[in-house]
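Below: the structure, in structure tokens.
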Amino acid sequence: MTVMEQRGAYKPTPPPAWQPRTDPAPLLPDAEPYRVLGTEAAAKADPELLRALYAQLVKGRRYNAQATALTKQGRLAVYPSTTGQEACEVAAAMVLQERDWLFPSYRDTLAVVARGVDPVEALTLLRGDWHTGYDPHEHRVAPLCTPLATQLPHAVGLAHAARLKGDDVVALAMVGDGGTSEGDFHEALNFAAVWQAPVVFLVQNNGFAISVPLAKQTAAPSLAHKAVGYGMPGRLVDGNDAAAVHEVLSDAVRHARAGGGPTLVEAITYRVDAHTNADDATRYRGDAEVETWREHDPIRLLERELTGRGLLDEAGIEAARQDAETMAAALREQMNQDAVLDPMDLFDHVYAEPTPQLREQRDQLRAELEAEAESEGGTHR
Amino acid sequence: MTTVAVKPATMAQALTRALRDAMAADPAVHVMGEDVGTLGGVFRVTDGLAKEFGEDRCTDTPLAEAGILGTAVGMAMYGLRPVVEMQFDAFAYPAFEQLISHVARMRNRTRGRMPLPITIRVPYGGGIGGVEHHSDSSEAYYMATPGLHVVTPATVADAYGLLRASIASDDPVVFLEPKRLYWSKDSWNPEEPAPVEPIGRAVVRRSGRSATLITYGPSVPVCMEAAEAARAEGWDLEVVDLRSLVPFDDETVSASVRRTGRAVVVHESGSFGGPGGEIAARVTERCFHHLEAPVLRVAGFDVPYPPPMLERHHLPGVDRILDAVGRLQWEAES
Amino acid sequence: MTVMEQRGAYKPTPPPAWQPRTDPAPLLPDAEPYRVLGTEAAAKADPELLRALYAQLVKGRRYNAQATALTKQGRLAVYPSTTGQEACEVAAAMVLQERDWLFPSYRDTLAVVARGVDPVEALTLLRGDWHTGYDPHEHRVAPLCTPLATQLPHAVGLAHAARLKGDDVVALAMVGDGGTSEGDFHEALNFAAVWQAPVVFLVQNNGFAISVPLAKQTAAPSLAHKAVGYGMPGRLVDGNDAAAVHEVLSDAVRHARAGGGPTLVEAITYRVDAHTNADDATRYRGDAEVETWREHDPIRLLERELTGRGLLDEAGIEAARQDAETMAAALREQMNQDAVLDPMDLFDHVYAEPTPQLREQRDQLRAELEAEAESEGGTHR
Amino acid sequence: MTTVAVKPATMAQALTRALRDAMAADPAVHVMGEDVGTLGGVFRVTDGLAKEFGEDRCTDTPLAEAGILGTAVGMAMYGLRPVVEMQFDAFAYPAFEQLISHVARMRNRTRGRMPLPITIRVPYGGGIGGVEHHSDSSEAYYMATPGLHVVTPATVADAYGLLRASIASDDPVVFLEPKRLYWSKDSWNPEEPAPVEPIGRAVVRRSGRSATLITYGPSVPVCMEAAEAARAEGWDLEVVDLRSLVPFDDETVSASVRRTGRAVVVHESGSFGGPGGEIAARVTERCFHHLEAPVLRVAGFDVPYPPPMLERHHLPGVDRILDAVGRLQWEAES
């Protein structure tokens, strides 16, 4: 049986006696974002999971701080931080199986690292020695994607291909609130729903697209409400509640894996840092707003829950901090080493075989570099 | 397999056959696009494929070109070989960002770890009485995008051979199908193991000594006709069919021009910023001291493609080609 | 007060105590397409309006038949018919005021004609003598738009501009079910909602995009459900019920004019003819399906209502038919005259002033034509 | 208006001033794009405009480039003069269908009845250490699209004059802003009634007799530097700044090359299918018998734009230009 048959043979256009093709009611998101921490649902949460999330959040926060510091030292060209958004970043990576695929946006180096990619390789794009530093197939992580929302159809195509091959693979694709305005968002969600592809779309609504607030981006009741227009379920979740994000994403992944098709998840969070180190956030928002959100910090929320329930003590907090420091020190050290560059890389990967034109150009550059090296009395590295 | 007599086939039939053979040979090959399934495509090039290979292998997609190419990228990431149909030249434009920013760059971005073997079939060019947006020659855009191969057949046999080679290529290929040659016929034995033409080789369609016509796709038959007509004027024209714009076969083209000393580039696409500028420039760089005259260009005008009733004034025809040949400073000869 | 201020000052991102930005409930379409004919609502319908709609439907049907016939005689290059969709075409034109704008898709020559554009000028694109035959400003009808869905952002921009200028203008934009899958549909609706632009989007869901049935186009409960994801109301209407389409569109136009913002209307109808005269519809659908829809024909539905209520008799029917025949005869005669062509048009409108390059090319063509005319012993027309 | 002393201004400041003056002069001028309002644009070119003219005149749009350009089309249909900002070169690609299929064609489509006076500002080119998709030189795409003007300044004064002229044009203009010149300074009196440069005129930035460097935008300062350096080699180079790629100023360029007999085209954009091919071809067509050597090209390599740490190898610099000048067959001289 083919995938096409599986999802039902062609039904003629609804005749005059009309029937909705799908019942819209179950697709609509709840009015309130789903929360676990501080609610009754927290009691059912697995303590081990909560502790693992906590360790990752603390590490993630430290990673963001370290990477930002590296821009100041000129070791990174630019860094878009996810401080305040660590719950989403970390949960996105943790809900996936090894065989699954992650499709990050340009901001999501933390999710990429949480998935297991070497932190230095994850930062290659932002350091500037190459575009993608890691092998996407190794950890099944697509390249960090700079043109907004363009990674979403990739995720759909990959998930669809896996399904066609009979593989039990789910793709999770990340995008920002601003990215939902792009045509590619629309086309990707529509293809996913029509094909019933095993994809989960995670929108991190962090309130801004650079300087543009959500109110100028959409008039929708919520971004999750967009789901119903594609015939897929929309879910709204508190993006700073790591337990809630983990649960909602896990459900969506399970649903997709079981053949239930795609889900759109909107996680409401906040970008505490500026857009990147190069941005001046005071131009478009006030401190008071940022402070409100610091109150609702993902680490604080989880810490309160864990300590309140006796699952974490001062020693545990300190241990998590130590772990994070170790990671940061290692990252610092690695990033302080100069990148190894080979200018011939410019030509070697444009095509499987360089065209005659590229061979000429490569020879030209090689000759120039040799001449340069000679005149410097050195040799070409 | 039964042996059949060599009989005339159309270019469209050869393309269908190439798709079918590629799908039969490799289960990774998937055809996708608007109306390619049940209908067999508006030009019927995918006719019968959905029936033979199932809708999962030849899929009617939703109507969204960026979505089609974007999902094809994901499919290729997972090891498939998508063959995407864009319904008409101008309807490939919505997919430009996916094409330029991803399809052309993914291999390079990942230092060769994530090649994208995608073939993008684009029916292109005019001469079929199409209304606005149905007759564009958009090859200049593709040529200017490193990372893409750009291939276009002019004969029935090449349609088969080059499409097979494009699908077999581990790199993305924009495969430009000259619309008005879809119904052109040629004696071609579809049952013969047809040659898979290597990508990147031009071919001399007609040898001659007076001057070289450098052309491709829909303009090849026009140039052949012009070469015939030129005999009356005493010119013996060579016709080079490029077949592949990227990579460009400098060797074949330069050899021809060095021999003849004169050249005219002929294409339907607009002249300004079109392929002819690149071709003339590189021929001149390589053959300067052999040239008796500047390389001239006969191309479409630099206007949006005209409506059906005016297109004959726009398309480069035999007369304009002969006029250009006439301006190749023959007096220098004497 | 600026338009931007009008729609409310910037509100900070929803703080942790989250509120939906808009109440989704009123945005959702009804489960059943709205109907007037044959229901109780019909009693309230204005008899004059119904009669006017009837006359237009009959004319519209005849226009479709005549245009299709002209393709057979080689007088039109191609014709995408709206047989079966006349209720939508006609109502779209009739609900607008003179100052309003219509944005047709490539299929909607009938709406263009119903709006008052000269039928021959409306067919220029399809005859092939030029791209657009009419002056868009004369009847405020944008050029027939071939690249699907690309006219939708134009309608939004125009409506927004009118509002900025303080003009009381509404734009109505037409698109097909297939066109809703394009990114431009998404971006247009989003801009419209964010800007609260006075636009009405009319989706004619005629069951097919060429050969592709709706089931392969979307998995949504209905296309009207897409509205909620933009924060605008979605309305579902029986597209073959002229009175219902007229009412729903009139309401949406009134709402837009009053500053209420955009509406998405899905009209469920059916393309009775093939995609165009060049298409073979038997390749992708059976006669039985077409027959079902002939039962639900827009003319038949309205005729039944009118005759049943004594608002139309045989003589009235005959008069409408006569009117339509007169129109068809006139169209036939006009279209049998050869188009007047000027090859210099190729160069004269690319820019306000032709570039030096275009002047050279124009001179070249003029010289060629003169030589041609001379060798034919005639003069250049 | 108070008189201020002539003082150095950056190109970015001149552009801001041009926008401000245009908005003040004509209420139909509307600025729109991502982050152009409150933030003043990521390059701060629209700084202060929203404050001065209100958000209705300088509007932060949703994040969708096709939507931005598509709604600008509708606004222009209603008589406004939208000035659209694309945040970076590669982020203009999603708007290509609107650009090619509508912006470039609407006037022609309607036989002049519906002109579209839209200015599309595109920060372009590299040299600023930008990560992938932030350094493209995409002018080849625009040049190959009839119906668009393509303009690019290289000096602070031209940035002002050409942007004013572009906004005043009744036709769509793709206004390419060389990113790495945003912070270049020049003595320029912003309070002087600044000249509105006509579109379509190249300018000789430096006269010379040995050979002509034909260039534009970000490569103009590089060519000026190369011309200085060339003096040591005994070459007296002329530098022509095209300023407008469409329309192309054949007159100025050809006059220069006829005088010098040698030419090199210099640009950052890739070579194959790039602007240089067109320029070299048309110069050769017009000046063939004056040429001592083929017109050469110094351009970016035919690769996706490299990452920051490798971009210096890609960008055409003084040495490569001098190398090319050296290959202009000077032996023919003797």
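Worth pointing out:
Labels for the chains are A, B, C and D, by order of writing; each one numbers its residues from 1.
One rule holds in what follows: a residue touches a chain if its C-beta (ideal position, glycine included) is under 8 Å from a C-beta of that chain, and two chains touch if they have at least 3 such contacts.
A quick note: this is a predicted structure, and the numbers were derived from the prediction, not measured.
Taking the CA centroid of subunit B as reference, the farthest chain centroid is that of A. Of the two chain pairs shown, B-C and C-D, the one joined by more C-beta contacts is C-D.
Work out the mean CA point of subunit B and of subunit C, and you get 36 Å between them. A straight line joining the Cα centres of subunit A and subunit C is 41 Å long. Taking each chain's centre as the average of its CA atoms, subunit B and subunit D sit 31 Å apart. Of all residues in subunit B, those that touch two or more other chains are 61-62, 64, 66-67, 90, 93-94, 97, 101, 105, 108-109, 132-133, 146-147, 246, 248, 272, 302-304.
Looking at subunit A, residues 130-131, 147, 181-184, 186-187, 190, 194, 216-218, 345, 350, 355, 357 sit in touch with two or more other chains. Note for the complex: subunit A touches subunit C at residues 8, 10-16, 18, 20-24, 27-28, 31-33, 181-187, 190, 193-194, 196, 207-208, 213-222, 225-232, 238, 240, 261, 268, 270, 285, 289, 292-293, 295-296. Of all residues in subunit B, those touching subunit C in their complex are 34-35, 37-40, 42, 60-64, 66-67, 90-91, 93-94, 129-134, 272, 301-304, 306-310, 313-314, 319-320. Every residue of subunit A that touches subunit D in the complex is listed here, in rising order: 77-78, 125-131, 146-148, 178-179, 181-184, 209-212, 216-218, 283-284, 339, 341, 343, 345-347, 350, 355, 357-358, 361, 365, 368-369.
The touching residues of subunit D, counted against subunit B in their complex, run 66, 90, 93-94, 96-97, 100-101, 104-105, 108-109, 132-133, 140-141, 143-147, 246, 248, 269-270, 272-282, 284-285, 288, 291, 293-297, 302-304. Across the interface of their complex, subunit A is touched by residues 30, 54-56, 59, 61-62, 64, 66-67, 69-80, 82, 94, 97-98, 101-102, 105-115, 146-147, 149, 169-171, 200, 246-248, 250-251 of subunit B.
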